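Data first, discussion second: the structure below is written as structure tokens.
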Amino acid sequence: MTQTDPATQLESTTLPGDINMWVMVLGDMVIFAGYFVIFMIYRSMNRQEFLHAQQHLNIAIGVTNTVILLTSSWVVALAVQAVRAGEFEKSTRLVLAGGVGGIAFMVLKGYEWASKIAAGHTNSETFYSFYYVITGVHLLHVLIGLIVLGVLVRELRNPAKRRPWMAETGATYWHMVDLLWVIIFALFYVMR
Amino acid sequence: MSVLTPEQVSPTATDGGKRDVWWMTWFFPAWYGVFGVIICLLTRVTPPPRPDVTAAGKVAFFAQHHLTIQIGFTVLLVLLGGAAMTNGLVAYQMKRMSVGSAFAYGYLGGMSVGAIPGFLLVTVCFLTAAFRPDRNPELTSLLYDLGMLSYNGSLGCFSVAYLVLAIAILYDRNEIFPKWFAYISIWQIVTEVIATQMFVFGSGPFAWNGSIAFWLAVVVFSVWLGALIVLLRRAAAAEPVDAPALD
Amino acid sequence: MDLQSRAITWVWGLLVLITIGTGWLAPAAHTNHLAQASAPITVLVLGLALIKSRLIIRYFMEVRRAPRWLRLTTDGWLAALFGAVLVSYLI
Amino acid sequence: MQVLEQAEELPAAGNLKAQWVSLWTGPVVGVVLLAAALAFPGFWPPMSPTWSAGQVAAFYADHTAWIRAGQVTFNLCGIMILPFFTVIVVQMKRMKGQSHVFAYCYLTALVSGATIFALSNIFFLVAAFRPERNPELVQLLNDLAWIVFIAPVGMVVSQFVLLALAIYFDDRTDPVFPRWVGHFSLIIAAAMVPAAAAAVFQTGPLAWDGIWSFWVRNGAYVAFVVVMFFVLRNTLRRQAIDEGVIAA
């Protein structure tokens, strides 16, 4: 989408959500970019080792988890639209559905970790040491995201506190969790 | 209620803020400046020496930096209280928030416990190692590991302090600190979580001198600390001179 | 469904489609032989990941309607990250 | 301190009684700690840093029981001096014309400082736990114990400086503490600072058994506690009279 898109020109530009949250999100994106680049540097030093380790990942779980997070993100994006339209009942249900997606992601991730450890892929392999730390930090972000969505549900249920910027702020964080996972998926699971 | 006599109002009082709070607010960056010189230039613990060297290599490290370690850490032993004073200032500002004292006391507790493994132990271990250069190399190696792991790997005390700070800022209605500072305090917790790995890895990105466990974390900490210095000044300036003293 | 929601839904469909498509390219998807490094596949995968990331930023995070500085910052981040990843892969 | 009957139920009375009790824990704990110091053979005279590992191990083997007795008492009772110092915190928070930021910094330094002392007892006690251990290890534990005991003066020095600052910022017309307490506090701080060098020198006045690092440093600290006991007693009496808890 470019700036000449008519849809963008019709509407005035507004910052979605709270500037404070954007500071957090942009900073977090920079920190994760650091992790990714360091991972790539180590990968370029041991290409074969990393490639073979990658082959032991469970791609079915990887794809499923990516689809789960994308869907969860989509649902939360729809929830923001619903808040703007004043449909608070609907948006609450959508945010809750998004949270369920987050929980499903964590459960699957836990299963994936457990089966990898059971198969002997511990952090003594460089690839897996990155895998556990990066996905672990991402999992921590999912957990924080669930708390954020929980706060959002509380606010949406309280008629005095239903503010669109609040929904946008929470959604912005949740989409960042999704965004970072999409990149983790590409770098850890798919690239060769 | 405070009764201000004219002589107690400082000439800078027009900028707002209380004189004693301003003193501590200026002390904060000054102390961290001295601390930075000590750890980076004199005692060489930041950036950290390598974990993956032999006992002989560690003895050589202490021999090479013998004098500067002794000078730097002896000075730090005298200035150690500065850590408590800077943390006390943050706790003071937290007490001014609308959320009451619980979080401020949590910060105060976490940080004052953290000062012992975080600062004192490395100081004592390195000075003890430098105290007798002829000590059995295995024991010098033990002191080296003990010092570095406690210095870089004191995780929980600081994490809880960052956590209560973040929650306090998010709930606060007095706008003592901006909300974004709460979020970047959460980054700090994330880096502490990653630092757990340094107890597992003797080399590589997650070792105590690793690119992720150390370098990225130190950049994040520097950003956090720099922001805190600016925000403490802003908070001090925004405090009304005639505000009642804290209970 | 309003215009915005419809656009978001289309984007979601596209993202899921790309994900399933790229999953098929993964080394772990072919366990009967040892995986071979492949620059074309990697470049393709990184390109698709870049598109996915930008779709999420632009549509889900609604950056396409955000102020200019934010659009430039997020695009700059994408360019820097994917540039660095690609360079470190190709070198 | 005889609380007036009509003031018995006032919150101010409860506050003052708590401070009064905390104040009196000072001399009581002080006597116990003095006894522990007298019992600890390593202080009479202080063990020399120049001893070889064998000499250190032999010392622990010869005096195991009294070393344990002295250090266990330090371990158990050392931290009990804390309530005495919290009275100082409470009084700092009564000072007018300031924000009490010094009081909170003082409290933070107090908590950290108390922990350091506890750490040194543990090292002494571990060394005495198995005197038959490899002498090099006993010597290492002994070095750590002494260095942690004598050298980390920073936390207490900052307490003295903060107390002095708070006193200088206090209301001139009705100060909580007399102004000389601030000067006195700074002098004590200055007397203790050189002891940090005990982590470097093995001989001379700055070594951990030296005149300055051992006798002047510890003497200054004891002097502060003794003097502050009387200062605090006066201050509490004045507070009680001001708040109508006891008769003038």
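Note that the chains are named A, B, C and D in the order they appear, and that numbering of residues resets to 1 at the start of each chain.
Just so it is clear, contacts are C-beta pairs under 8 Å (C-beta built on N, C-alpha and C of every residue); 3 or more make two chains touch, one makes a residue touch a chain.
These numbers were taken from a predicted model, which means no experiment stands behind them.
Using mean Cα coordinates as chain centres, the one most removed from chain B is C. Across A-C and A-B, the chain pair carrying more C-beta contacts is A-C.
If each chain is reduced to the centroid of its CA atoms, chain A and chain C end up 13 Å from each other. Taking each chain's centre as the mean of its C-alpha atoms, chain A lies 52 Å from chain D. Distance between chain C and chain D, defined via averaged C-alpha coordinates, is recorded as 62 Å. Centroids built from CA atoms put chain B at 31 Å from chain A.
Looking at chain D, no residue sits in touch with two or more other chains. The touch graph of these protein chains is an open line. Chain pairs that touch one another are A-B, A-C, B-D. By the touch criterion given at the top, residues 1, 3, 5, 7-8, 11, 13-16, 22, 26, 29-30, 33, 36-37, 40-41, 43-44, 47-48, 51-52, 54-59, 62-63, 66-67, 70-71, 73-74, 76-78, 80-81, 85, 168, 171-172, 175-176, 178-179, 182-183, 185-187, 189-192 of chain A touch chain C in their complex. Interface residues of chain C, counted against chain A in their complex, comprise 2-5, 8-9, 11-12, 15-16, 19-20, 22-23, 25-31, 34-38, 41-42, 45-46, 48-49, 52-53, 56-68, 70-71, 73-74, 77, 80-81, 84-85, 88-89, 91. Across the complex, chain A is touched by residues 178-180, 182-184, 186-187, 190, 193-194, 197, 200-201, 204-206, 211-212, 216, 219-220, 223 of chain B. Remark: chain D residues 49, 93, 95-102, 104-109, 111-113, 115-116, 119, 136-137, 139-140, 143-144, 147-148, 151-159, 161-162, 165-166, 169, 171-173, 193, 196-197, 199-200, 202 touch chain B in the complex. The part of chain B that touches chain D in the complex is made up of residues 2-5, 8, 18-21, 23-24, 70, 73-85, 87-89, 91-92, 95, 104, 108-109, 111-113, 115-116, 120, 123-125, 127-128, 130-132, 135-136, 139, 142-143, 239, 243, 245-247.
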